[in-house]
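Multiple structures follow.
In what follows, chain A forms one complex with chain B and a second complex with chain C.
Here is the complex of A and B:
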């Protein structure tokens, strides 16, 4: 049918859709396991795997020289995680203090975390080494469908002029989907404001470009409302505090927490997280043991409601306790220019002089109506998976279904449940699979854990040979000397 | 590595049997303060490793219990090194008191040199190089099997 429609069709055994860091670490694993580039394609609308990540980190105030929130040994360019980023930066910067920080974290020091630039430069090196760009096909994936006779068809719209037809089709035994966050999501009251006033300049999401806020504040004293209690809020606050100091500004900051944490919190002595001044403190996105320790082992056994409860117990917005940030906030509270309050915002209106008034109701009944020049929504990227057309299609036509947390249900080896077809398999990794047997999915190390599970499953199915200690060591030396896999 | 209980125990025994044995073979000819022939020193050194393994199972139960008070259920790198102090002291006093009868008395300098070098080597290997041959080890809480 496809052939008779005149649509060109390509046979590729393994296809990964997305082309971000999730796709990259998966093909990196498979290349190192021994799959040649001719057997794999990456379908993507971006040119290099770190492109979207870099865009989002830059918007949320982490340019290349700043440090991201990620462990030293979580290296998407190096599946062994050795040498860790800290060793590499210590060597390159001739700075043994990094190693001391690594040794004393998180007890006497903050967690050591890598510079965004270190991550991107190494990804580029590894992408070249595995011939990533030989596998990249530019295009927009419309859908992935089961094929009669096993495997899957993937329908792609190539960029205009790149192909003779408007659509091309790939026929594959295995498809992997790693398309990242379905989209930006706004708080409802802020969305309402933006729609009502068609104002996209003064109410912004921290993941959108919003330099205009910082530029405006350099021209005259202003007030900013921050919404949210996560890492992005911390970053944006740091930028505001830094600018205040650097340019001698008089910016006032009102920080609204929906959930205001006042101290250690948790139901039991064995499950209590530190917190204070509104924030819940945690080194990384998840408690550290989700990537290999106790929580990973526990979650792997849980189903349905029990799993959802476990997610809830360890969940909640949080940010790392960093000494520098603590100092800045303390100075802000003492100097009377940083005000953190608990509250839910009913609505946001525009005042007569064009400023923004938030109607904030706090749990103790107090109503506040702070007026600001800008509102920065730092609450995250959590849109529903059905907002992404590929997932919507899979849920509707291919037997995929949702997990206890509402996202895509996957097996322990990241095969999308309900989508098996003949000898083929459909895998997914990344944020769409949060709520599964493995929690840390939308992190560097989590993507690598998924990639390893997928590579080992492909080995069970005979697509590639499982990598043992000898090949692993030999491949590590190739990585170290930057020679081709 | 963020361990589970079974992973802790397996990692300890595995590293003692590999890194521990190799380091013992290398270090014994040069430990200070001993007069016994090398073959006897080797026997003593290897028996010390066995004692570290056996006592270690109890120690790991204690560490695992203490870890439960940590929200992250992690075991910071520093703990992995500093636990050499209580473990070394306990073993040393057990040996001195004659409670472990099958190990010959060892001079303090020899015991501490051997014990510390073995411990630091194992700690270094566990914090990086171990991941090179064993890519699944860190994701399984330190399980080798």
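Here is the complex of A and C:
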């Protein structure tokens, strides 16, 4: 039927949809395992794998020179994780203090984390080395459907003028989906404000460009409301504090936490997370034991409600305890320009003089109405998978279903459950698969672990030879000398 | 086809999609991709001013491309002679015209059925097989909803006389806006009169404005009280088209200082120290004192009580154009021109180049985007070095004396008064011209010129006079010698 409709069709054994870091890490593994570029395609609407990540980090106040929240040895450009980012930066910056920090973290020092720029530069180097751009096909993926006879069809709309027809179709045995978050999440009251007043500049999401806030505050004293208690709120806060100090500003900050943490919390003595002043503190997104410890082993065996409960127990918004931030916040509280409160915002309105009044309801019943010049919403990204057309289509037509926490249910080897078709397999990795047997999927290391599982599964299915220690060692030297795979 | 005199459109419950855009109707139940193409056809036709005939042709093209897959869909729209209607698949239509009722069913045809029913048409109904009965009070004045069909009664007027509006997009309606909208009432941004007398200087850590130490920020607000807003709401016929309500009451009617918090006890807010109030929303007076100490301006105004966003700048007392009463005579430029843009999956109109929807945040890249013409949302802001904020929803004329410029008198642009102590800003200095989704600068042959500093570039560059130069968000613009402003936008991708 497809052929008779006159839509051009291309055969490609392995297709990855997304083109972000998830797709990149997966094709990187497969290239190193030995798959030639001719056997794989990346369908994407972005030009380079770190594009979306860089946009979001830059907006949320982590430009290239600042440090992201990721472990030193989680390297999406290096499946061995050696040498770690810390070794590399120590070498490049001629700064052995990084190594000292590494040895003393997290007790005497904060966790060492890499600069965003280091990550992007290394991704670029590795992408060139594996000829990533030979595999990239620009286009919008409309749907992935099972094909009679095994494998899948992927319907793609190429950019206008790039192809003679409006759609092209890829026929493949294996498809991998790593499309990331469906979008930013603008809270309903903020959406309402934006549409009601057609004002996109004063109520902003931390993940969208919002330099006007910081620029305005340089011109006259103002008040900013921050909402959210995660890493992005920390970064935005740091920027406000930094600017305050650097330019001698008078910025007032009101920080609204929906969940206000006052101290250590957790189910028992051995499983506690530090907290205080509203925040929950944790070095990385996940407790370290998800990577190889107890939590990993435990989660691998859990199903249904038990798994959901375990996720709930270790979940929750948190941010790293960085000494510099703590000092800034302490100074802010003492100086009377940083105010943290618990509350839920019912709505935001414009005052007569053009400022913003938030109606904040606290658990103690008090209604507060702070007036501000700007509101920065740091509450996060849209995570509902059905907001993405590809997942919505898979759920509806291809037998995929949701896991106990509401995202896409995948096997231990990241095959999407319910979508197997003949000798083909459909895989997914990244944030869409959170809630599976392996936690931590939406991190660099999580993407790498998923890629490894997928590559090994593909080896079992005969698509590629499994990589033994000899090839691995040889490939590491190729990585180190930046020679082609 | 015009929206005027369009009757009542009632949605019928059901599981498909129902759209009403600019008087064109669509009902369909199809795969997402096809539905998207059909909606695109309706929007494009409406945007290009097409009638029912144009719509039927476009929809036929979509259906032809889908040949082989039955698509349940029906469309209808006015034509000069009556109503054009097209049905396909499981959908059906019923049109009551001068020659009685005409029924069409998609399943009777090999491809699709279409018909031109001569007027006057008294009733049109488009249905999917599962459609229910219309609720008496249900109405769809515009937009896309889920439903099983639609009933259109061109004769029923009632409150339906108002033009149907697009969901989530205020009607552009340039015609009405021009003919009926009165000039913008004065915003009186500068006109607050002298603010509370500043206390003694106590600004240990408040330096001069960082961006432009030479540009005294107070210079340009020597304002006496401006014309108060006219009594009663201004007769905007299209409220949503100009979502900023006219500025509130003039400053003198305002509460003393906006209180940062409700009067509830708020232990987390300590006092700011003597003389500076206790609310976090009310910073101290130090900036003004500093400005004064630096010899800037005359009597300072407490800017904290002012609106920080000025849509319409009013002349100062020394302005040669005289006094505020002139202002209401100034025609306000048309602020919502139509530009090509795209809808996100939640039907918010966007710049086609941005990664995320400006209203709901959903990624735009995940769907095939069908550009159509819609009313342009604000493009961002110009932020002057004194904190004055100009919302980029229309063209501006910046200068020392912009009000008397002919283009302002014609109503083509909004004036923005920018002065500097060294006199380096010309009377008509710079025009900020919006073109599509771009912001352009045109130096109007000013004496001291205009310079731009692109984002990330340490240098300023002269722009040629009388030639539009497109600037990117993050650009700093130097007007004359000592004044600067920045262009910032949420659309910076």
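For this structure, a couple of remarks:
Just so it is clear, the second predicted complex is superposed on the first by the 484 of 485 C-alpha atoms of A that agree within 3 Å, B and C clash if a C-alpha of one lies under 4 Å from a C-alpha of the other, contacts with A are read in each partner's own complex, and residues count from 1 in each chain.
Criterion: a contact is a pair of C-beta atoms (placed from the backbone, for glycine too) under 8 Å apart; a residue touches a chain by one contact, two chains touch by 3 or more.
Only a predicted model underlies this, so the values are computations on that prediction, with no experimental measurement involved.
By the touch criterion defined above, A:80 lies against chain B but remains apart from chain C after alignment on the C-alpha atoms of chain A. Counting residues of chain A touched by each partner, chain B versus chain C, the larger count belongs to C.
Once chain A of one complex is fitted onto chain A of the other, the partner contacts of A:417 are absent, as it touches neither chain B nor chain C. By the touch criterion stated above, A:258 is placed in contact with neither chain B nor chain C.
Applying the stated contact rule after C-alpha superposition, one finds that A:296 touches chain B and leaves chain C untouched. Contact with chain B, but none with chain C, is seen for A:269 once the two complexes are overlaid on the shared chain.
By the touch rule above, chain B contacts chain A in their complex via residues 1-4, 7, 67-69, 71-74, 76-78, 81, 128-129, 131-136, 138-142. Taken in their complex, chain C has these residues touching chain A: 32-33, 65, 67-68, 168, 205-207, 209-211, 217, 243-244, 247-249, 251, 254, 258-262, 264-266, 268-272, 279-281, 283-284, 286-287, 303-309, 345, 348, 355-363, 365-368, 377-378, 380-381, 383-387, 389, 391, 393, 473-474, 486, 488-493.
The touching residues of chain A, counted against chain C in their complex, run 1, 4-5, 45-46, 52, 55, 140, 142-143, 155, 157, 166, 179, 181-186, 191, 194-202, 204-205, 207-212, 215-216, 218-223, 247-250, 252-254, 336-337, 339-341, 351-355, 366-373, 382, 387-390, 392-393.
Within the complex, the chain A residues that touch chain B are 73, 79-84, 87, 102-107, 266, 269-274, 282-283, 287-289, 291-297, 449, 452, 467, 469-470, 472-473, 476.
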